[in-house]
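Several structures are given next for inspection.
Look at the two complexes coming up: chain A is in both, with chain B in one and chain C in the other.
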Partner chain A sequence: MSAAARLYRRSPLARTLFSFFTVALVFLIFADLEIATVDPWDEFGRLLTGIVTPDFFATENLISALVNTLAFAFLGVAFGVGFGFLLALGFHSRAVRTFCVVVRAVHELFWALIFLQLFGLSPLTGILAIGIPYAGIVAKVFAEILEEADGRAVDAAPSGASRLSTLLFVRLPDVWSHFRTYALYRLECGLRSSAVLGFVGLPTLGFHLETAFRQGRYSEVSALLILFYVIIASQRLWARRQLVPVYLIGAALVLPWATHISGANITRFLTIDIVPFPLRNGDGISGLIDWLWLLISTQALPGSIATIQLTMIALVATGFLSALMFPFISPQMFGRPVRGISHFALVVIRSTPEYILAFVFLQLWGPSMLPAIVALALHNGAIIGHLIGRHTETLALRADAPTGLNRYAYELLPRVYRNLLALLFYRWEVIMRETAILGILGIATLGFYVDSAFAELRFDRAIFLIALTAVLNIAIDVTSRRVRAYLRLRTTLEGR
Partner chain B sequence: MHILDLAGVPAGYVGRPVLQDIHLRIETGERIAIVGESGAGKTTLLRLIREHCTAPTAIIPQDLGLVQALSVFHNVYMGQLHNRSTLHNLRTLFWPAVRDVDAVRSVLTPLRLPDEIFSAVRRLSGGQQQRTAVARALFNDAPVLIGDEPVSAVDDHQAREVLSLASTQKETVIVALHDRALALSFADRIIGLKDGKVALDTLTAGLQPGDLDGLYKS
Partner chain C sequence: MHIRVIGIVLAAFVFFAAPFNAISANAQDSFVFTAIPDQDETRLRTRFEKVARYLSETLEIDVQYVPVKSYAAAVTAFRNDQVQLAWFGGLSGVQARRAVEGSEALAQGAEDQEFVTYFIAHASTGLTESPDFPKSIAGKTFTFGSKGSTSGRLMPEFHVRNHFGKSPDDVFSRVGFSGDHSRTIALVQSGAFEVGAVNFAVWENELRDGRIDPEKVRIIWRTPTYPDYQWSIRGDVNRKFGPEFVERVRTALLAIDDPELLKAFPRSRFIPATNEDYTPILRVGKDIGLID
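Right, the complex of A and B next:
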């Protein structure tokens, strides 16, 4: 046996990575990566010109778009964190845990598409679209924080104390700062989600971004994005505890509540529209089977295959890209100037939602998997690259450690690759959720069929397909947890 | 021929003892042991020597500086990274050449580690890890070896073995040791530090462990 073969014979990690890599490669061979636009670089040139010449006065919509984006984010995240906190307290119940798994397996945009049918363009649509899935995520993380908290204080509490007293006096004080940090992080995610909700018609940033993009007004695109980055980058300055009530009341005041919500509409949607057509029509079980077969063979199956295909390619691409990105912000590799520029680039890339990145690349290259792969890998690669790069700041290398590429390959990568993989597998489910949603942009993943079903008012199909995305997400979540446990990969709170 | 000539260089590092007024000249071929209480400035002096040494050095830091996730082979191979092309080094990470494996094994054999060559370092005992760090420094072709307590985690017999191995393979050896008897038996010159100053700098011939007591009693 050769030396190398012996090196890897015993390594489950190397074998696992090799399988992932092979799967992605096979999928890549069958992927449609064609650039369909006639002059992609020409358009790119115009976009770049627009980016460097932002026009902050192109439209008075700019301010209202930002205000609405903030307002939906505040109320949605507040709902999600509050509801999630309550759910976390009941996390020992199986029903609560299942509820959380299901609500967070459905993407915000799918929730928005559903709530649009129920509440129309009422602010409730946006708030719940963010708040419901966030509640599921927040509940899980808060419950984990509570679980990891020091149990000794609880043991020391008087045995007769009520559960609420124990919670308030003993358990919460210790974990409160973790909760606050995580809520702040959720607010950042909420801003991105809120911006993206514009793409399905809510009056946030995405709405104006899409319009400006379609009309080629790139200076306006640039202004919208720059203001968005400024808001996210300055979050630490304005996100203050004392100001929370001001923001929440302000947000509630600026949103247009006047929209009429029809109770009959809601009832109709929940009791008739989403019931599979053959059942509604009295076609019985055989009718239902035909309906299912047609839906599965023409939409669910091809959609699922494309979703998994894109997810696997994007996952592996994200891994490579994050390994490529982190050295540029690592003090072990580069001096201040390079690191400064790289930090800036990573902040911009990871602040831009995948959906918006994919939208931009789609405009440039036309509909294929390429824009989606690049968008997913860039965004997630920048997030992981940032965390790993920061992690290398804590490494102490020996005084005569090698330099350059040798240092990267022998000293840095071997020390951080397990953390990198832990984060990567942790984001597997996130990538899957986003992949499904990118279908709305015209890539043939499940989101594409969901969006078409909504457009054709076939809500029974839409709900079935959304449920399918949820099942896929849960399956990936379980698989990812198994893989991480098998490879003994651990993520820290910061990585969630 | 000397490899180091310090004349009154001050040395102070944040959080480490400050050395004062160091006058030190080291010739090629010397076997030097640096002794003194912990906190006397041994590590700082070694760092100073490394920085001013005119010949290439291979070091064994106190914390070893091993990459836990890599195999013993790769950690030892790192001693020669600077002599191979980067392309060859990258290839070696995934597909080591038989020639390199044999070369590394021949360094590991006298250190009693040949069977662990493909074990990840994190699975080794403290003593094995320390010998891996020694192997890395020996695999490095630099003529000067600088070690900071390089044998603190191995037993007395092995410690003597390791130090004599180092002496046969390196032109000049400079090590910090806390074991006074070991220092006297290995070195031909002793440098004793006390409160950041060179309190003793003499040939070991005829010296007894008790003669070093002055360095330790305050």
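Right, the complex of A and C next:
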């Protein structure tokens, strides 16, 4: 028996990874990866020229867009963290857990598209679109933190202590710093989400970014992206505990609350618009079956296949890319200059919304699955690469450890390998959720059909397809949890 | 110490910015309009705020413009009474008026009675302009404009289905939606798509501005004419803004003669329109399954 076959038989890890590779490879064979552009260089030249000549005065209402981006992020994340905390306390209940799974399985953009129908361009749309899915994510992480906390403190509490005092004075102080770290991390995600919500019409940076990109005004794109990076990179300077109340009150004050919200619209959307058309039209059950069959055969099925295909290929590609990226910021591998440049590059890549990355590659290679795969893999690879690179800072190698490629292959990679896989499987679900946004760019995932349904004002179809994305996400979530438990992979707080 | 300074600066900034937002927010009793985002959006807001000022002075009430991101968003805002007046495309206008009982098409651009879509192709395809529908585009890659566009989606899809008897997905090797007309031209010019369908007014505009390289992209077919863009108004505005309000808005729109204002659309002048003018659009929409 060959060594590889022995490894395969003995190691569950090798078996699992082998099946993931096989699946991704099969999908890759059938994927549309054609490079279709004939003359990409004119447009690409304009893009490069634009990137190096940022124009900060091209965007009208720029200040207001900046302020709105921050305000939506603050209020959305505050809502998410607050509501998520309450949910975390009730996490032992199956109903609460199910609620959290469902709300976080739907992408912010889809929440925004739904809330736009309910509340129009009211600030409530943006706050809830960020806050609702975040509450589901925060609840899960907070519940895990509470569960993993040291139980001895609770055991030592006086026996008569009420549940509230135990929570306030015993359990919370122990985990408070973890909660704070995680809330801060969520704020960074919230800033990105807030900007991205502009793509569907909220008045944030993304609103102008999408327009500028679509219209080929690359100097404006460059300026908007730079502003966005500055906000994210400077977060440590301004995200201070003492200033939180100032930010929240300020955010509530600057948002334009005057928009009129009508109860009748909400009722109509919930009781008429999302009811399948044949039922509204009185075509009965047979009409409903025809409707469902058409929707499933022409949109739901091809959309689901493309979504899973893109997710699986991007997942494996992300794994390879993160393994390639992390050594460049590891003190075990490179000196200060290389690490400095690499840190900068990773921050830029992971802060850039996938949408923007995909857009650039779409310009270069034409419309196929290739731009989407590369965009997802780069973005997620940079996130994992960053976390793993940071992790290697804590590793102590022997003084006579090999150097160069040998050090990477025999010392570093084996030590971080399981962490890397844990993070990768953790992001599996995230990657699938992100395929939604690429659908809006025209890559025929479920997101593409959801976008079409909204464009055709067919909300019944939109809700059906969004529910399907949620089901797929939950399936991936469950599978990923099983795989991680089977392989005994654990992630640090930051990776979640 | 310096934290407090940052705090004060930020608080000042926030309070300073607040009134700007409050002004741009549409108060509940002002008359609000929007326009579909279909082409050059540079200074879109500045351009349409001029139109708002004109309407405000003529109608003697507060008029606000709100920008939207998509055709569907414009229709939704109209349906939900968050805007009462909108500059729609043919299809979005039909969708909006079907959703709001009593709403009316008020006025269209002089150019909109006889609107045309150009089929354009990358030079590498070797296709040249012909008076007949170019059947040789079958099997090529093809991009529409926005999914909800009349000139970029509805009419070209109608002609494709009409001449091939098949859906675009079955006719072309790949079908895309560029999002807007300027993008369609850029994508065909770069060769990302071999063939595309574009609003003639945007094409002529970009040609004049020198953004089109005739060596790389050219017109291969012009569709027969059809009615397109129009102003539509909700039926319940008379109740809210006084009797004869609909007619007053129509008169105000038809009276626009300032080239500065007309450039926002861009149209030479506005002429009266009725809902019936758009029956052909409704029929085509139902025909190709975009309207139930």
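One rule holds in what follows: the second predicted complex is superposed on the first by the 479 of 496 C-alpha atoms of A that agree within 3 Å, B and C clash if a C-alpha of one lies under 4 Å from a C-alpha of the other, contacts with A are read in each partner's own complex, and residues count from 1 in each chain.
By our rule, a residue touches a chain if its C-beta (ideal position, glycine included) is under 8 Å from a C-beta of that chain, and two chains touch if they have at least 3 such contacts.
Here the structure is a predicted model, which is why all the values come from computation and not from measurement.
S.K.: After superposition on the shared chain, which partner residues are touched by A:477: those of chain B (first), chain C (second), both, or neither?
M.R.: Neither partner.
S.K.: Which holds for A:38: it touches chain B only (first), chain C only (second), both, or neither?
M.R.: second
S.K.: Comparing chain C with chain B, which touches more residues belonging to chain A?
M.R.: Here the partner covering more residues of chain A is C.
S.K.: Let me test your reading of the model: by the given contact rule, A:396 touches which partner, first (chain B), second (chain C), both or neither?
M.R.: Touch partner of A:396: chain B, not chain C.
S.K.: Which partner chains sit in contact with A:418 here, chain B, chain C, both or neither? Use first/second/both/neither.
M.R.: In the superposition, A:418 touches chain B alone.
S.K.: Check whether A:117 is in contact with chain B, with chain C, with both or with neither, and answer first, second, both or neither.
M.R.: second
S.K.: Now for A:108: first (chain B), second (chain C), both, or neither, which partner does it touch?
M.R.: After superposing on A, A:108 lies clear of both chain B and chain C.
S.K.: Considering only touches as defined above, state whether A:354 meets chain B (first), chain C (second), both or neither.
M.R.: In the superposition, A:354 contacts neither chain B nor chain C.
S.K.: A:404 contacts which: chain B (first), chain C (second), both, neither?
M.R.: It touches chain B, and chain C stays clear.
S.K.: Spell out the part of chain B that touches chain A in their complex, as residue ranges.
M.R.: Touching chain A from chain B are residues 47, 50, 57-59, 61, 63-65, 67-71, 73-74, 78, 81-82, 86, 89-90, 93-96, 98, 101, 118.
S.K.: Of all residues in chain A, which touch chain B in the complex?
M.R.: Residue list for chain A touching chain B: 2-4, 6-7, 396-402, 404-406, 409-411, 414-415, 417-418.
S.K.: Given the complex with chain C, which residues does chain A contribute to the contact?
M.R.: 36-40, 42-43, 58, 60-61, 63-64, 67-68, 116-117, 120-121, 198-201, 207, 210-211, 214-217, 237-238, 240, 242-243, 246-247, 250-251, 253-260, 262, 265, 277, 281, 362-363, 366-368, 442, 451-452, 454-458
S.K.: Hey, which residues of chain C end up touching chain A in the complex?
M.R.: So the residues of chain C in touch with chain A come to 3, 6-7, 10-11, 13-15, 17-18, 20-22, 24-28, 37, 40-46, 66-73, 75-77, 80-82, 95, 99, 122, 124, 141, 143, 146-148, 174, 176-180, 182-183, 186, 189-193, 213, 216, 290, 292.
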